[in-house]
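Next come two complexes built around subunit A: one with subunit B, the other with subunit C.
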Partner chain A sequence: MNPDPARLRDLAISDSGFVFDPFTGYTFTVNATGLAILQALKEGLSLDLIVRRLQDSFELEGDEDLARDVDEFCVRLRDQKLAR
Partner chain B sequence: MKPRYERPVLVRHGLGGANKFGALPGLRSMKTFEGIPVDELVRQYGSPLFLFSERILRDRYRELKDQLARRFANFTMAWSYKTNYLGAICKVFHQEGAWAEVVSGMELKKALRAGIPGRQILFNGPAKSAADLDLAFREGVRVHFDHLDEILLAEKTASALGIVPEVGIRVNISELPVPTWDRFGFNLESGRALEAVRRIVRRGKLDLRALHAHIGTFIQEPDAYRMAAKALGKFAITLEAEEGVRIDAIDLGGGFASHNTLHAQYLPGEEATPSFGQYVERIAAGFDEAYDGPEPPHLILETGRALVDDAAVLISTVLGNKRLLDGRRAVIVDAGVNILPTAWWYRHEIHPAQDFYGTAEPTVFFGPLCMNIDVVRDRIMFPPLQVGDRIVIGHVGAYNVTQWMQFITDRPNVVMVSSRGEHGLIRRAEDFETLLAQEEIPSWL
Partner chain C sequence: MKPITAAVGITGMNATDNPAPGVAVARSLRHEPTFAGKLIGLGYSALDPGFYAEGLLDAASVLPFPSAGKDALLQHLRTVQETFGLDVLVPNLDSELRAILGFERELNELGIRTFLPSMEALERSSKAQLPKLAANPKIRVPDSDAFVTADAIPKLGQRLGFPLVIKGVYYGGDIVHTEADAVFAFHKYVATWGLPVIAQRYIAGEEYNVAAVGDGHGNTVGAVAMRKMALTDKGKGWSGVTVDNPELLTLAEEVIRELRWRGPLEVEVLREHDTGVLEVIEINPRFPAWIYLAAGAGQNLPYYVVCLALGLPIPKPAPRYRVGTLFVRISLDQISQLETYGQLSATGNISYEKKVQP
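Take a look at the complex of A and B:
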């Protein structure tokens, strides 16, 4: 299940990938792919739509497993208490 | 143009990324070794793969030799076989003029087989059999004794041969700024070394000529060598004055640090390791303090790690990626602690062997063993790696190819690259037949 967009909307996210969590004070860096996924999750997009957006936004070599990458990123968000 | 895709990364900021000593050490891509593409070497010799640079071996030897020549009229460097006794490595150092320092009967035979004259072999270590001593005395090898029972055995062996061989004793010193290795040799301050000397002199079956000390390993405080040189020098002067023993050689062993970084060390080895000049200057100062007038005896050093460690790298290939619960990225590679036991001592330098891009994040490198302890590097900021990518692990020349173990995989090829760009095997990889060759199944099974 996708992370709750409401929780993600509490995060301060800069265009360069700097993330601030006002509840813990922790700060993070995300790369361009992570930033795109975060923005898509905030918008409440489904996994399929997020994968499609990544395909449209980035130059791919063809052997990437985007769905796995998005899944793992969501697990990272939960590990860091950035998502529910 | 769209940006290149890289796997999504989220890194939490922590303290210590930068400090008054500077930023985190930078990574660089190491696509070649001594000018030869790593890919080409791996295609020919496989992965994992140990690579030794003949040039660096010779450069390190000459650097120390030059420093010694500036301060000492009479010195010898002896190659420490236990650090790396591959024939090609020993040959390089012997070509440069090194004697052999051996610590077992096996190593003694290896040095003799390599054609090293007995008088240029020093035999240390705590375990010498009657057969080892018999061989050593017949060949004129100078033996340094570790304990009284060994001296007794040596006296019997020498008497049976009808000779009075020149020998030495190993001394350990308490008053040094490093932990005392009192398990080796006879303690100086407690008087046990003097007792051992008196015993040798009284019985007259051995001709004591040398004092040997090896104050520890990876010694990063050069002044410890000044104190050791001074202590042995003063002891030698005392022995001549009081016991009539003329010590003609003081062997200060090894222990100089390489450019590796210990796990508990703050600064990286590249910055923290003393230069050869610093070590040599301190040894000279110690002799100056002990010998006020008379020429100091022949200085012997048995430097091993500092000569060979920096001359080798281990190439390894990425087998997979995974994410640990604490957030670290884990990378599984095909070289583990079975062939890199020094990973238990050092935070080995690791570099990608190809161009890299993407966000660096805390990464742990695991080897291929089905054991939890198989950690090649537990935390390093590293860019993303794909299956099949290669890494270069630095400063692996000392102890790995002598202490490695054959555990669930074969030991890999070891290659030397020459100063002229040639390369060749210096130890063949083991295979399934190697494994079976030593086994027997008893008839009753």
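Take a look at the complex of A and C:
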């Protein structure tokens, strides 16, 4: 799964997690975790660095599979044509 | 720039859940600080909702139906000019364009300016002629055919496949899944708009719309792209948002270049789900009903058309429109007095006495 950096950079993202894609006109909302992943992807961070940032930013219970969660999030981005 | 004080006649004052563009065009002109002219609403019924929009129009007139012939329409426009003044005419309905183009010279002699396409360009943009535009390799158009008898449907179904889109010659389109549904849609559109009816290959994809103005020499004066966000049960946009998609604007510019289009138009485009390819599914030879979004986003296309009709300068290039500008339509009850309806019903004309808000 390869996020499209140019398309991600163009996204208008509000602090509340509302996202507008100016290319397609689509809008969607993300929760706090999704927001953190989107911002990390916009910065061009690798999967490992995104997982590390999530570990640092959120209280975890220990049994999460963060790499899988990020991967699933990218699948959702593909649905929005924001990843290939 | 000096304020424009011209009297502008605007047709298409019907504004139901399938609205004509007239109210949106009038609102766009009122939106422009340098427009200080008069707005004359022109409709086909004394109950056209635009006639009752508080503070929108200076006067209104009920036109004869197109079936009365173009001479009756021209004569009525002369009367409107004598009664209220009429310097510019902005027609907004597909069904009246041919008649108006037929007496454009007479209008000009009366001092009534227009900014409209040539008859040739209008014919080339029609649903029946649309596939020929694909001779330009930069313009993709779904395969389609105009037909005049329901007997043609089985062969069309074989060639274009089901589902199929059946369209009226001026307005409307149904997605049909069987021959029986296609026959039903055929008769519906014959009864409403006459012949021919158009069968178009169905494409699965997202629809985008571009409202634009051409200068008649192949150049685009301005263009605004939008995606509909909510539709009515008739498939009409109830809300939409401006988008930043250069491919869409380039495609609309190519259509304008190819047709050497003069005046307003709307290009309806489908972006195929699987390939992302853009296909022109329809060209409407007038502003769309959502055109006030263009003014709201910073590119007042109706105002540019009035300026061009009057031979006045317009900003070149047109200002960039704000991406992410949204429109959401609303249904509301307008309160009026019976006298207004009575005056329009009895005489066909009304001058609004109350001051028009800027």
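Here are some notes:
Everything that follows uses one rule, which is that the second predicted complex is superposed on the first by the 81 of 84 C-alpha atoms of A that agree within 3 Å, B and C clash if a C-alpha of one lies under 4 Å from a C-alpha of the other, contacts with A are read in each partner's own complex, and residues count from 1 in each chain.
The rule is short, and it goes like this: a residue touches a chain if its C-beta (ideal position, glycine included) is under 8 Å from a C-beta of that chain, and two chains touch if they have at least 3 such contacts.
Just so it is clear, the model here is predicted, and its values are computed rather than measured.
Of the two partner chains, subunit C is the only one that A:23 touches; subunit B does not reach it. The larger set of touched subunit A residues comes from B, when the choice is between subunit B and subunit C. In the superposed pair of complexes, A:46 makes contact with neither subunit B nor subunit C. Touch criterion met: A:12 reaches subunit C, while subunit B stays clear of it.
Of the two partner chains placed by superposition, only subunit B is touched by A:37; subunit C is not. When both complexes are overlaid on chain A, the residue A:79 reaches subunit B alone and has no touch with subunit C.
Subunit A uses residues 26-27 to touch subunit B in one structure and subunit C in the other. Of all residues in subunit C, only 206, 208, 226-227, 229, 240-245, 276, 323-324 touch subunit A in the complex they form. Here subunit A touches subunit C in the complex through residues 10, 12, 20, 22-27, 81, going by the rule given at the top. The touching residues of subunit A, when paired with subunit B in their complex, are 19, 26-34, 37, 54, 57-61, 64, 69-70, 72-73, 75-77, 79-80, 82.
Interface of subunit B with subunit A (complex): residues 1-13, 323, 325, 327, 358-359.
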